[in-house]
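Next come two complexes built around chain A: one with chain B, the other with chain C.
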Partner chain A sequence: MAVINDLKVFKDSAWLGWQMEANWTDPFLFMTYSMVKPIAGTLILVLMYIVVTGGETANAYFSYMYVGNAMYMFVAEVLFGVTWVIHDDREHYMTLKQVYIAPMNFYVYILGRSAIKIAITSFGVFITLVFGVMALGVGINLAEVDWLLFSASLIVGLISICILGLALGGISFLTAKHSIGINEGLAGVFYVLSGVVFPITILPTWAQSISRVLPVTYWMEAMRRGLEPAAMRELTSTAGFDVTGMSGVSDMTMMVYLLASVLVFFILSIGVFRFTDYIARKKGKVDWTTAY
Partner chain B sequence: MQHAVEVKSLTRVFRPKKKKEGDIVTALDSVDLHINTGELFGVLGPNGAGKTTLLKILATLLLPTSGKAYVAGFDVEKDLIEVRKRINMVSGGEISGYGLLTVRENLWMFSQFYGIKSKEAKARIDALLERFGLSNKAKAKVRTLSTGQRQKMNVIRGFVTNPEIVFLDEPTLGLDVNAARAVRDFIIDWIRSDSNRTVLLTTHYMMEADELCDRIAIIDDGRILACDTPDNLKRMVKMNTTLTLSVSGLSEVDGFDSIPGLLSYSSTKKAESSTTELRFVLEDESCVSDIVSKVLSAGSRIISLQKTEPTLEDVFIKLVGRGLE
Partner chain C sequence: MTESYIARNLRAVRGRAYPRLIGSTREPSWFIFDVILPLFTIAGYAYVYKFMDARAELVGYVVLGGAMTAFWLNILWSMASQLYWEKEIGNLPLYLMAPISRMSILAGMAVGGLFETTIQAAITLAIGAIAFNVVFSLASPLLLIVVFVVTMIALYGMGMMFASLYLLLGREAYHLSALMMEPVYFASGFYFPVKHLGFWAAAGASVIPITLGLDALRQMIFPGAIEDAFLSLNTEIALLCGLCVIFIVLSRYALRYMENLGKKTGRLTLRWQ
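Moving on, here comes the complex of A and B:
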């Protein structure tokens, strides 16, 4: 019964999320925006790469960077989306109080609201990858894609981002306008430490140690191996050394590492959320309004 | 018998993070009260008395500093879901709502969070929209509603889930006379139609409390000063005479304390008529001449003078030593 109720809350809050995301304009404009925004964001990095390297994009490192950057959209958008649910409900719509006292699973509500963000971001990532393959020679060959590894890592990784977002959502109970800054700060940490646009091996040793406990690091590696196995092999063979620092780790072990780090972060995030929820009720901050 | 709400030695203290942010505020100070199932219970007090804090604790939005509170027999600190299944809350002046949704969608959304079947929820929504005169706004986006319409929508949101216990925090605050009347009529009809329903209403409108409530707790500075039926509360001042003077040209409202036989008094400036209404609770009616002399010697003109029946305001003045406004 509880599961049925949770599924219903998930469906309804996802519907609400969709209304929030898409109901501000007409479908054509929304579709155009959803396509142009991710490509425009990616082109900034592509242009920087071309300026620095002299224009060669059809190589393994460019593919590494491009795919990492495209997949990072999930991290940035979903982390932001999950946190934004609480901020927006509390500060803008002033509905958090009513939502909070409803007899439902609040985690499910947040995940439902965020689900649509994942769907919209997935579309953006897809468009970006298609653009990269067709216009920039990114090394994704559909015949070579390891769909099982890619799908499994994508799902586990998305779950990990939602879980991290939950912890941030809890923190945003206590931080008024600053929650967005904290959110962007954490996303920035993942960008630097998780091998998004450059391998973690170029980081100092201490930073690499942090990288190796972050689920996003294993997520990025596993998704690249699934999506562009040839480019990943070429990256190591061209350089003549273990560029990513993980080429000796099998796909299966990589997934185990990913799952283990997700489990650790799941426990931490639930703990953080419960603690911050308790503190928010203790300090009377659940229905705080400060930003509007 | 299990009470709908039971509060034992409930205390809530707000401590500022820094000294410059103000003093420690004791919003609730060892509050004890119980509300019976089927009762329309009022908490009457001025702004800052602790009314909203009490409701927030009972609605699981806020934790008490000490003491215990139970709703339908469930601990508000531990049995959150059980409490939430049975309650809903409406705050006056509330203009919340998802502006991109229509009124019906907004209400339906919240009903779904309470697990109400969609068809049943829609029927209830239509009936309540009709009752509050908002049927023609059912398909309007929430962002297009006036403030009063939004408030009415939020009142509907509080009742559409058919809660056992509803917490109404100043529900008519800011509403025009007709809308406030519609809300008050609805509250009475709602509770009278089912003996298992309970309403806890906070207000600082004396008339509203008097008209609606079976019992009233008078609260000030976080303490319950009295709790009884409106009639019994008024009997507390029945032995004393209440004198109301409307005066003009009164610059200072001082010096009445020294008049023998006068228990307490309050004053209200009437901006529209440039007069001041003075309200005296007398222990001994012989002090009327002293009061009149005092007013006249201050250079004021007495427009009218009348002895009045005790009201809840008189009770409040007697208990607190000042008026509610």
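Moving on, here comes the complex of A and C:
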């Protein structure tokens, strides 16, 4: 019974999320909006690359960087989506207290609202990858894609990030409107330390040690191996050494690590969320507004 | 005793700036979220250049550009969206009823936001410079201050104009602000020299004051930046001065027009559209 109720909450909150995300404009404008943002973000890196190299984009490092950046959208947008629910409901629509006291699972409500963000981001990632392959020669060959590795790592990684987002959502209870910076900041940590747009071997040794603990590092590597296996092989063979710093880690090890991280993040995020929720109620911050 | 109109408006400026200044001290968490954590994104871009063995100036551009993003974010989320936000939380009618110029409210927001954001950007710049061994070469500090001030006046003038235009928007306001993040980082060359976009694209992007401001600042503080410059320093300063006047004047007209339009259509107090 509880599961059926949770599924209903999930469906309704996902529908609410979709209405809030999309019904402010017509579908065409919304689709354009959903494409412009990710492509512009990617073009920043493309231009940085072109400034240095002079424009040769059909090589392994460019593909590595491009695919990593496209996939990173999931990290940034999902973390943003989850924490934004708290901020938007509390400070903008001022409905958080009503939602909070409603007879439903609050986690499920947040996850439902975030699910729609994942769907929109998936569209952005898809468009970015298509643009990269068609216009910039990014090395994705559909016949070579390891679909099992790619889809399994994508799903497990997304679950892991959603759960981490719940912890951040809890922290958002306690912060002023700067909370928008939490998700972007934490996403930034992953951006640097997880080998998103450059191999982790360029980092100082101490930072590499942190990189090897972060699940996003394994997530990015697994998705790249699945999506662009040839480019990953070429990158290592061109450099002549283990340039990604991950060659010694097998696909299976990565998947086990990702699954373990889901479990750890789950325990961690429940703990953080409960603690911050308790503090927020104690300090009267559930219906707090900080619109200065 | 009645106070003069000017004194009343200056008090309004101070009154609107006050919550922003005091807010940052009451809620110190902004230091972590707005200063420390964004450094990681800057580091990400800097390492991309380092991995490609790029010129040292390019890493410096990333650090400077990363620091300047604070101002653009402040314009989008704390200036442009602010009147819309005030409408949503019910403060806007109070502002409109007060016997002061609406420009004083906008100026107060700008002063408060500018103060906090300048501290934020300065810390980001300092930490970024130390972390990535960025070498600054400052030949004319006075001119640097002039360029920075002119850029900020033009930028916040643009923010004031946007605030008026956003006034009649509903939830589009948020989406519009979100849409103007990455595309503007790209078009204004926050992380690479804007001239690489090509002359006409860079010229179009120069409508956003931070494009010319960043290019001018780079020319003044990085030894090899002249070859990356879009226009000469003097031309950029002259254009920025022009943008200051244009945006301040436009913001005044836009505010009056939008307020009247809002009154006619009954949308000034309409919330949660």
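Operating definition for what follows: the second predicted complex is superposed on the first by the 291 of 292 C-alpha atoms of A that agree within 3 Å, B and C clash if a C-alpha of one lies under 4 Å from a C-alpha of the other, contacts with A are read in each partner's own complex, and residues count from 1 in each chain.
The rule is simple: contacts are C-beta pairs under 8 Å (C-beta built on N, C-alpha and C of every residue); 3 or more make two chains touch, one makes a residue touch a chain.
These numbers were taken from a predicted model, which means no experiment stands behind them.
Colleague: First (chain B), second (chain C), both or neither: which does A:Leu7 touch?
Modeller: Touch partners of A:Leu7: none, neither chain B nor chain C.
Colleague: Going by the contact rule set out at the top, does A:Trp24 touch chain B (first), chain C (second), both, or neither?
Modeller: both
Colleague: Give one of first, second, both or neither to describe whether A:Gly284 is in contact with chain B, with chain C, with both, or with none.
Modeller: In the superposed model, A:Gly284 contacts chain B only, not chain C.
Colleague: Under the stated touch criterion, which partner chain does A:Lys37 make contact with: chain B (first), chain C (second), both, or neither?
Modeller: second
Colleague: So, A:Ile182: does it touch chain B (first), chain C (second), both, or neither?
Modeller: After superposition on chain A, A:Ile182 lies in contact with chain C alone.
Colleague: Between chain B and chain C, pick out the one touching the greater number of residues of chain A.
Modeller: C
Colleague: Return first, second, both or neither, reflecting whether A:Ala58 touches chain B, chain C, both chains, or no partner chain.
Modeller: A:Ala58 contacts neither chain B nor chain C.
Colleague: Going by the contact rule set out at the top, does A:Met104 touch chain B (first), chain C (second), both, or neither?
Modeller: first
Colleague: Does the superposition put A:Leu268 against chain B (first), chain C (second), both, or neither?
Modeller: The answer is neither, since A:Leu268 touches no partner chain.
Colleague: Could you look at A:Leu16 and tell me whether it touches chain B, chain C, both or neither (first, second, both, neither)?
Modeller: In the superposition, A:Leu16 touches chain B alone.
Colleague: Overlap of the chain B and chain C footprints on chain A, residue-wise?
Modeller: 20, 24, 93.
Colleague: Looking at the complex, which residues from chain A come into contact with chain B?
Modeller: So the residues of chain A touching chain B come out as 5, 8-9, 12, 16, 19-20, 23-24, 93-95, 97-104, 109, 278, 281-282, 284, 286-287.
Colleague: Name, in rising order, each residue of chain A that touches chain C in their complex.
Modeller: It is residues 20, 24-25, 33, 36-38, 40-41, 43-45, 47-53, 61, 65, 92-93, 175-176, 178-182, 184-189, 191-193, 196-199, 202-203, 289-292 of chain A that touch chain C.
Colleague: Chain A touches which residues of chain B in the complex?
Modeller: Residues in contact with chain A: 14, 56, 59-63, 81, 84-85, 87-89, 91, 94-101, 105, 109-110, 112-115, 157.
Colleague: Inside the complex, what are the residues of chain C that reach chain A?
Modeller: Interface residues on the chain C side: 19-20, 23, 27, 29-30, 32-34, 36-41, 43-45, 47-55, 58, 77, 85-86, 88-89, 170-172, 175, 178-179, 181-183, 185-187, 190-193, 196-197, 272.
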